[in-house]
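A, B, C and D label the chains in the order they appear, each numbered from 1.
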Amino acid sequence: MAIYEFQPEVYYTALGTYEPVLEIADGDTVITTTVDNAGQDASDQRVTPGGNPQTGPFYIADAEPGDTLAVHFDKLWPNRSIGRTSSLIAANALDPYYAAQMPHEHVGAKWELDLEKGTATLIEPKTKLGRFALPLAPMLGCFGVAPPRGQIISTSTSSTHGGNMDYRGFVSGVTAYFPVFVPGALLFMGDGHAVQGDGEIVGTGIEISFDVQFTVQVLKGKKINWPRAENDIYIMTVGNARPLDQALQHATTEMVRWLQEDFGLDALATHILLGQCVEYDVGNVFDPAYTMVCKLKKQFLPA
Amino acid sequence: MAIYEFQPEVYYTALGTYEPVLEIADGDTVITTTVDNAGQDASDQRVTPGGNPQTGPFYIADAEPGDTLAVHFDKLWPNRSIGRTSSLIAANALDPYYAAQMPHEHVGAKWELDLEKGTATLIEPKTKLGRFALPLAPMLGCFGVAPPRGQIISTSTSSTHGGNMDYRGFVSGVTAYFPVFVPGALLFMGDGHAVQGDGEIVGTGIEISFDVQFTVQVLKGKKINWPRAENDIYIMTVGNARPLDQALQHATTEMVRWLQEDFGLDALATHILLGQCVEYDVGNVFDPAYTMVCKLKKQFLPA
Amino acid sequence: MAIYEFQPEVYYTALGTYEPVLEIADGDTVITTTVDNAGQDASDQRVTPGGNPQTGPFYIADAEPGDTLAVHFDKLWPNRSIGRTSSLIAANALDPYYAAQMPHEHVGAKWELDLEKGTATLIEPKTKLGRFALPLAPMLGCFGVAPPRGQIISTSTSSTHGGNMDYRGFVSGVTAYFPVFVPGALLFMGDGHAVQGDGEIVGTGIEISFDVQFTVQVLKGKKINWPRAENDIYIMTVGNARPLDQALQHATTEMVRWLQEDFGLDALATHILLGQCVEYDVGNVFDPAYTMVCKLKKQFLPA
Amino acid sequence: MAIYEFQPEVYYTALGTYEPVLEIADGDTVITTTVDNAGQDASDQRVTPGGNPQTGPFYIADAEPGDTLAVHFDKLWPNRSIGRTSSLIAANALDPYYAAQMPHEHVGAKWELDLEKGTATLIEPKTKLGRFALPLAPMLGCFGVAPPRGQIISTSTSSTHGGNMDYRGFVSGVTAYFPVFVPGALLFMGDGHAVQGDGEIVGTGIEISFDVQFTVQVLKGKKINWPRAENDIYIMTVGNARPLDQALQHATTEMVRWLQEDFGLDALATHILLGQCVEYDVGNVFDPAYTMVCKLKKQFLPA
């Protein structure tokens, strides 16, 4: 159960079987950093080309195809005071005829973070919102493992291996689970957001570099089909696809499987339970694959 | 500002320009009841054919096409102790290949309500869930006004006029807003659920008859395009369509309009605000039109 | 087997249970006219408000709920020389980001028809296309029967009862089949197009008034779920829904049913046959419900 | 303008930047073979694992990112007499509730080809179809170039780089065009079908090994966004995405661009022309990305 401090020197804008930057083992913890979506680090300097560059991949010894990799986020917190957002709702989140009438000069917005107080305050552009302040809710937009079949998949999108899910529920304290497709799993992470709305409808959260601490665990012989997660209150499953309907189908199916495989419920009990207790969160409706999260409160799980 | 006690004798399974059952005025309150989705009343007797039969229509004097009708739900509460749910997740909420393998013998589930304690307890069928109890969260599944263009639209579906939205946020204390398409608006309501999960993925909440008290208000000359709502914490807009993407587009567009028309924000401020603060709830993914709700916390509205 | 000449005096912009304009019987033929989408007749005068106004409803004696109504189009042909189209591809047929950049000043286009030669020639606006001529391929955009459940449904959209399908395969010589939902079936028709592209992506064909001759047949006790059709070469099924995927699912399912019910194929043979021989046509991707047509060449049907 | 005879020894089940198997130049012709979807060759022996294994990649000298690669199919023809199909329509091409009731024992079907007569005859299983014969219409299901951003993308799916489009219009005599994303373009091809229905709704055509002859051309400095193609009668653009609506949007947008960039039409003329003359073909509705093809008859192009 080692603790590593790792300073990244190379970043990838796709998830795949690249040379690992660090080999760790089941139970180990890594303290590291991520750059923002544009490749800018804690000093707001561009250190790598943009496009959600990822820290990693981390090779987790013992992780083999057919296992599950658990990643617990011990800490996810911005490490600088300037964050940036887009200021234009994406055309695909608006009625087509309405999007076609929108003003389309994009103006970058800047936010100043107070990392002590835990706020992000809009400082540019000047609007009627004034110095509008939001509580920080730091989350990782893009992380996951190497995909199956030797694929290398852009950090713009997501699938069964994770990737650019842009779900605002991926915060400190959450444990995420991924199917392992390649030896060592090859874990990547990046694209921190200080704050993000549901759906990432402007195509960004408050984009910023992060300090990250995470701890891995290998669940040997545990097979899952889509990313899963849990926090103190919920178990969650993640579907990544278009349209949203299909993302929801993936997430719901994975939740049905989870309840039947791990909680001793048969199909009848599972359907009755989910029917009245399921919750959904919209991850993103901006990226090439949309993300829908299916949630169930742990209080409703069988003892 | 009269208060009417109204006992329904006729019910409709479509929303349209039918003979009003009661004429009321701006500011009036009505105390009435609704039967459950199957047409069963407070004594669990079938008094009308099933299919989300509606109480109403109520004719609201002064409401003219181009106005908005506000309906405040003073009280929505079950008025009997037995509720029923389906026990089968709909094929369209699951991966197609997986749905094709599901056990498909449907078993109706029964729930016993304790209206004092505010709980619903599963009493049939016997499963590993045992006597599984949920807190009541009573909501109306289907309500709205007569649609435009002389249409009569089934209570199985929904559109700009409301209808079968099956959104679990429509609870006591909420004010819903509808575009007025015909003189008198013609307000309908029914399909009470004691509890419902997001998405109504089994095609039912805990279906039950309700006591309802509501108060209407006519917003003269106020034009809206899709249903809106508010509670103490949120303003909300509702999109009804398939796929979910399109429902989300309608809801987001209506929210953008609302912020620009009523809260003095220009497009730039609106997009920046929603980008980081918007929330979405999945209403239903079962009915012919799906429902997506776009929400913004009132605390983020300009003063 | 009477032949009626019927001159319409009233038109409807929704399909529903209105007072019939003419009662006919199984085997009868009607010679009548339709106005264009804007309510303009053979003399190009507006005789009724626009919105795909329908001639009818025709009450077909003997047609009862659960039967099928066959409508054979003996003749569908424009009856004036001026037709009109939109000149702007709808935002929902283009990439959202691209639609948002399109020039959006709409210019109505005019076409002059030579009904003898069978051509439509673009006469306005002046473009590099010049006097661009197309062969006439006259089709009905909107027709169908009264929908189920007492509904009255706008001629802007379509469903199981037909309606605004805007499929360019509905030409002279085709027989269309509709489920009968109400006594007399109540047949409506209108919205003739002299020419139309697949998908009706500009929201119009060459809109024009028509001479129509049709002959009805009642298939007693024959139950279908979605509109069907046939011509000399194909049998066809029609799905109306959004997204296109769902329209395709409806059409394919109806074709599978047809082959199994009427052509003596079991599921295995049906799937093998359709797998290699099915064809699809895109009806429309403009209206509230999109239309997809599933086709099979008659030469592949079992003897 | 060399002619190469190339016998493949390695196959890839993803498209990406692999070591080229042959370097050719602008104008060169290659005569080669492809194995079937399951990795079986002309002698029906498995020579490589299944999953649409590809012959290639071919490195085309002079092809640089930002260019377009033209691939003319001089010959696409099966090179053995046994082909195989699935016999089960995919759940996602049927109504969800209906798919859930389907018999799901899959039975592989076998077809015997007469390469002289040009027919494929069903020989297994025995059904009421008997020895059902279809005319050969050989096409390539999966081909394309290395994708952008260093990605390696599975041959199960498709995108801007081509891939598993499963469009039955890709036959001998067609010229396909791809954006070049990497030096040398890296052309792959495989997954021949002797016959295929629209949509590939059973997930296969008649799967078979092919003799292939193709000739390449590099269009320097010509930038396209999605695959394009042409034959004697049509120009075509290809969109790959889910849902079908989005695939259609990509294809239509690419066609609008093509008409404006290469045929001297302004937006107004382009929209008027496509509105009445556009055609769509459904490529596939089975793979992770669906394929829609937008077509325009060359006779309607400006001189």
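Methods note: contacts are C-beta pairs under 8 Å (C-beta built on N, C-alpha and C of every residue); 3 or more make two chains touch, one makes a residue touch a chain.
Small disclaimer: the values here were computed from a predicted structure and weren't measured.
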Inset, instruction - Chains touching chain A and chain B alike, please list them. - result: C, D
Inset, instruction - Give a one-word verdict, same or different, on whether chain A and chain C use largely identical residue numbers at their interface, taking over half shared as same. - result: same
Inset, instruction - With chain centres defined as mean CA positions, report which chain is farthest from chain C. - result: A
Legend entry - Inter-chain centre distance, chain C versus chain D - centres from mean C-alpha coordinates, in Å: 32
Inset, instruction - Report, in whole Å, the distance between the mean C-alpha point of chain A and the mean C-alpha point of chain C. - result: 47
Inset, instruction - Find the geometric centre of each of chain A and chain D from their Cα atoms only, then give the gap between the two centres in Å, rounded to an integer. - result: 34
Legend entry - chain D, residues touching no fewer than two other chains: 92, 94, 96, 102, 242-243
Inset, instruction - Indicate which of the five shapes (line, ring, star, complete, other) describes how the chains touch one another. - result: complete
Legend entry - In the complex with chain C, residue positions of chain D that touch it: 85-89, 92-96, 98, 102-103, 107, 109, 122, 125, 127-129, 132, 134, 195-199, 201-202, 204-206, 242-245, 248-250, 252-253, 256, 264-269, 271-282, 285, 290, 300, 302
Legend entry - chain B - residues contacting chain C, complex: 13-14, 16, 51, 149-154, 241-243, 246
Legend entry - chain B residues within the chain D interface of the complex: 90-92, 94, 96-97, 99-102, 104, 243
